[in-house]
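Take a look at this one; I'll ask things after.
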Amino acid sequence: MTPLGYYPGCSDHGSGRELGMSVHALARLAGVELKEIEDWNCCGATAAHNLSHDLAVALPYRVLALAEAQGLAEILTPCAACFSRLKGTVVRLARSADLAARMRQVTGLEYRGPLRIINVVEFVNRLLAGGLKDKLAAPLAGLKVATYYGCLLSRGENIIEGDDAENPASMTPAVKAAGAQVVPWNFATECCGGGFSMSFTDAVVDLSEQILADARAAGADCIVTGCPMCHSNLDMRQLTINSRGRGPYDVPVLYLTELVGLAAGLGPKELGLDCHFVDAMRLLSRAEPRPA
Amino acid sequence: MAQTETKTAEAAAAFQPRIVAFVCNWCTYAGADLAGTSRLRYPPNVRIIKLPCTGRIDPLFILKAFEGGADAVLVSGCHPGDCHYTSGNYHARRRWALFRRLLDLTGIDERRLFFSWVSAAEGQKFADLVADITEKVRAAGPLEPANPARRRL
Amino acid sequence: MARIGVFICHCGENIARTVDCAAVAAAAAKMPGVVHSADYKYMCSDPGQQMIRQAIAEKKLTGAVVGACSPRMHEPTFRRAAAEAGLNPYLLEMANLREHCSWVHEDRAAATAKAIDLVRVMVEKVKRNRSLYPIRVPIEPTALVVGGGIAGIQAALDIAGGGKKVILVERGPSIGGHMARLSETFPTLDCSQCILTPRMVEAASHPNITLMTYSEVEAVEGFVGNFQVTIRRKAKYVDWSKCTGCGDCWAKCPARKIPSEFDARLGARTAIYRPFPQAVPNKPVIDREHCIMLTKGKCGACAKACQRGAVNFKDQDELVKVKVGAVVLATGFDLWDHSAYGEYGAGKFADVIDGFQFERLASASGPTGGEIRRPSDGQVPRTVVFIQCCGSRDEKVGKAYCSKICCMYTAKHGMLYKHKVHDGRAIVFYMDIRAAGKGYEEFIRRAVEADGVEYVRGRVSRIYRRTDGKLIVRGADTLAGRAVTVEADMVVLADAVVPRSGGEKLAQLFGVGYDTDGFYSEAHPKLRPVETAAAGVFLAGACQSPKDIPDSVAQASAAAAKVLGLFARPELEREPVVARVNENTCVHCRACIQACPYGAVEDHEIRDRKGHLVRTVARVNEGLCQGCGTCVAICRSGCIDLEGFTDEQVFSEIATLE
Amino acid sequence: MSTSEAIRADAARLLAEGRAKLVIGYRARGPHRAPAFVSDPAGVDVLIYDNLCKQNLAVYLRKPEVRSRGPVAVVAPPAVMRSLVVLAAESQLTEATVLAVGPDAYHGVLDLAGAAALLKEKYADLAPSPELLEALAKLDAMSPQERARFWTDQFAKCTRCYACRAACPLCYCARCIVEKNVPQWISTAAAQHGNFAWQIIRAFHQAGRCTLCGACEAACPQGIPLMLLNLALSEEVAKQFGEKPGYDPAAKPVIGSWKPDDDQGFVR
């Protein structure tokens, strides 16, 4: 079986480590080989397009060209921001021969394309369809989940395919397969504050609090996401929110891969569940015992 | 040398292009009528053949006109959406899009084959069009007898 | 042997000033086949026409060419003169020496040369003209009106009032359409039922109108003047000849929780039901999908209750064939389904309702008796948000067009709400206000100024439901340049107007075109707004485009006038300019059939005496052909020709110009 | 098993089972390939298929003497299958049995729908030969006068034998326009103007229908480069209307249908 290309992005080595851990854990379980793109570089997310549109394309272009040269046809980008940049670049290059020629010149690299870029939700759904579903040993019966998409997993014409931007549902099958229940709520696509986490924390606190409040009002036991940026805003900022006398909030925020990993009976440490700010380990007690 | 040039210029000025126009009854024919009632002026080189609709105009008409000595052909009808028969002009538009490629390939280029939409209100457009076409064809000169479309006995 | 007469008109000085008319006449006299040539000062005058008549009679002309003004001006005049002299009018042609020659040229020699050319062309053409006779089609002076809303009712009443028979077909159990569901109407706030129900009763009792409710058009054959229409009368399971409409049956029906279509699903009805108390006819039908007897085989409560024995569970659909001469399509509209708007709750919030639901809430005959109470808990909403352009002017998710009626009815809704809940807030989000109509702008001003409806210019980006039941409406106020959040108790969406479901199938049956949105296409957007490409089929109301009541009624009357005009004569006389297929050489490639804008070219099976199929060819239906000639130019083997503009005629015209 | 052997086996089976009364295929005639008509399962050995088989056998399917034989199967490379699909779209055929061959593989016995599906799947991008493309580009680069001279010379060779028409499966009119004599639009004399009108109209009547099989040019005894005309039109049909004939048996005729946004840049 041809290995699936893997673009870790910066968060894989930093604040979103548990996303990478849980992705790899699921891949191992499903027997899918992930091959990291050698010599990969920054995708340019959040900053590059503010400086130069060409730079915002050139950075992912280099990654795509390298991946292609390394014989990869599909690339998994667990980070939603990286996904958006890479897939957006693939789409734009396919639309404009001029842009492609310019990028060839700028980077000195040849990318023919199109490569297929896969986000973490697509990855999980693919594994489930490929047989992982049958391996889910410890379904999380009774767990109420608020599926949170934010912007990058719900929006972008030709980037997010086959889902409704205003009412996304791509995570629902995986949550259901894990035996958990998707609660109806209002803020699945609201802004978490994104890249302003450091520079404009007040905004992030306000925005993230609204999301947390609505999830709690909807009766969710936890929030599930697929984006490291959303995750850090919702998970880490609960402490800030609480310290400002709001809340208090105590809502575990999980990656979709962690949720499915738990359902598959993987160890919490293997999934990085112990890395969270808000204790997520306690969700384990809610899971039904593994059948003997 | 100078004498030859003068002669050529004289010949060009003396050359009266023969232009056959195939027009629809409802728009361009009426537009030409309006040019008349408005007393506009255009060169007397055009001969109008009236059809009910551009949809009726067979490429054979154009070939026949060129064969018989026309230096240029104009096909004109209602603007898209205004066809008296709702879609005859759309059918015609497709036909001409392809037919003109064929004629261009065989040497009858865009200086000799013209297409236009002229509505019943566009008398001025019709007059300007005929003037412009006459000018262009005069510049291009007669469709030479060696042209494959010409009758050569 | 051709004997052609040529008549050159001076048109006073109009032609003669630039064209040497005598020279033209002299040149014409030498043209082959010309036996008579003359010029005269005013050919269209009585003496001029007399010259033509006399020459036709004396010289036994077989054709005539009048060189004068544009045929668009005087062709009928000269053709009439020819006919009076015994020459078939289609054997006279005109050369346009005025508009196309004398008026546009200055050089006398060149203009005269051109005039001679123009006459020569027409002489050659007219030699190949054939006597043509108007096509006469008998007309069945009965009209079919499809759709029993206000447009259909109006068209039917007008046609019936003109003394012609009408068959009014309605899909539902009652006529009245959407108008019967409305509370009050803009811009006068008349009670909708009060102005409509007398019309409904009049339609039902008019001696010239046959009402066929609970019926649908199944098949159509024929053409203008002679349509054969098959109508499916759906099984009502109630014998209306026995039924008195007393209501004992529906009082006893145990299936009581069926959402009422009439009340926009806000109320319930029984399985045996009349859609509303003022229904016409005021008799029930059984909804076979929900009837316990018809689905489970047990019940029969209504049959037991009926003292007249009118209930008949064995009733069957019936196919009725009718012959009509003209058709009015008045199938109306539906509201677009706003569940496509995920940001407005994807249709899942009970208190986010559409315009019809609000009409029913505001209607005295509605499920709340006219009190504005929200669907979820029956509370009176204190803040109501109205959102215009929901699905309209939105190419991405909804429709590109403006639905036209929403600005007005939203203002009306705001007003009605304020009239009933004085201390409540009515907030309207709008993109633009389009109030072009008599008294319309004034009506909007009244809503704002007298009734205090608050208008916010901007779109709503999201509606969500807080756990306390409040609907949080977030949007933009683009005039103030700020984001707005409203805590609302109910939201009313002005959904786009879309054509009635099933409209495309009906259009195909009648050969009527429709646009990408499904609205029926008129024959010409400016000059033939109620006709369609299918001769004898007319349009009324919102099936053509979004329309309010006055526009629908106006168009219905226009359609009725067209029908009465058509029926004013026993026969339809049509220009004989039609296409004909040479069936000997046709190979049935079907290009002409697919190209004809009127569906006038049909498959025709040639059979031998025993009825075996020999081959299939194309054949032109003269009743439908309008004579554009598109099929003629498309036929590769030259098997089709167009009377009046035959290949031979055009060929000779071109050849003459050599 | 080679393609030829596979064809023979299938042909024998179709004939033996009565699914075909006649199999039309190719046979060797010296260094050339000629059509073969086999009605006896024992006679299938003459059938061969290789890259020399160029003739478009679809032309026989409309001939009455072939049709009267009962069900016919035909050895069909992609070009032939496309012709059959066009014939179906023009209601000239309702059904067909083909022994589908490609340059790379033998696809077995297919019906019309199967052939259309195969074409779409495997042969959606049949490109004209580079030589032909180059020749057209060269012609397009000439001045109008040069082009006119080129065709004057070419058409002067035409003897009006109509082999081009006879070889084309889509030239199926019962009475060709050139034989219509009232009026005689196209002179039948082998002279300049008649030749021009004939060749132009022949090409134009193929617009949106021609599958570029090359049979007309191959049949021309005078070597007139008819494919230049066909290719120019085919390219235009693809470019302007996005149509590629011979893939959809339910396709509407390109000339005979329209879209509101068809290009009209050339109309003033």
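Order of writing sets the chain letters: A, B, C and D. Residues in each chain are counted from 1.
Quick note on the criterion: a residue touches a chain if its C-beta (ideal position, glycine included) is under 8 Å from a C-beta of that chain, and two chains touch if they have at least 3 such contacts.
Owing to the predicted nature of the structure, the values given are computational and were not obtained by experimental measurement.
Asks: With contacts defined as at the top, give the pair, A-C or C-D, that has more of them.
Replies: Here the pair linked by more C-beta pairs in contact is C-D.
Asks: Provide the C-alpha centroid distance between chain A and chain C, rounded to the nearest whole angstrom.
Replies: 53
Asks: Could you give the separation in Å between the centres of chain A and chain B, each centre being the mean of its C-alpha atoms?
Replies: 64
Asks: Return the distance between the CA-based centres of chain C and chain D, expressed in whole Å.
Replies: 44
Asks: What is the distance, in whole Å, between the centres of chain B and chain D, each centre taken as the mean of its C-alpha atoms?
Replies: Chain B and chain D have C-alpha centres separated by 34 Å.
Asks: Two-or-more-chain contact residues of chain D, please, as numbers and ranges.
Replies: 177, 185, 255-257
Asks: If you look at chain B, which of its residues touch at least two other chains?
Replies: Only 59, 64, 81, 87, 91, 95 qualify.
Asks: Which positions in chain C are in touch with at least two other chains?
Replies: 595, 634, 647, 651
Asks: Any two chains that touch count here, so list every such pair.
Replies: A-C, B-C, B-D, C-D
Asks: Per the contact definition, I'd like the list of chain A residues that touch chain C in the complex.
Replies: Within the complex, chain A contacts chain C at residues 164-167, 184, 186-187, 214, 217-218.
Asks: Tell me, which parts of chain B touch chain D in their complex?
Replies: Those residues of chain B that touch chain D are 59-60, 63-64, 67, 80-81, 87, 90-91, 93-111, 114-117, 129, 144, 146-153.
Asks: Per the contact definition, I'd like the list of chain D residues that touch chain B in the complex.
Replies: Per the touch definition, chain D meets chain B at residues 139-140, 144-152, 155, 177, 185-186, 191-193, 195-197, 200-201, 203-204, 207-208, 228-229, 232-233, 236-237, 240-241, 254-260, 262-264, 266-268.
Asks: In their shared complex, at which residues does chain B touch chain C?
Replies: 18, 20, 29-30, 32-37, 39-44, 47-53, 55-59, 61, 64-65, 68-70, 81, 84-88, 91-92, 95, 127
Asks: Which positions of chain C touch chain B when the two form their complex?
Replies: 70-72, 96, 98-101, 103-107, 110-111, 113-114, 117-118, 121, 513, 521, 523-525, 533, 577, 595, 597-598, 626-630, 632-634, 642, 644-645, 647, 650-651, 653-655, 657-658
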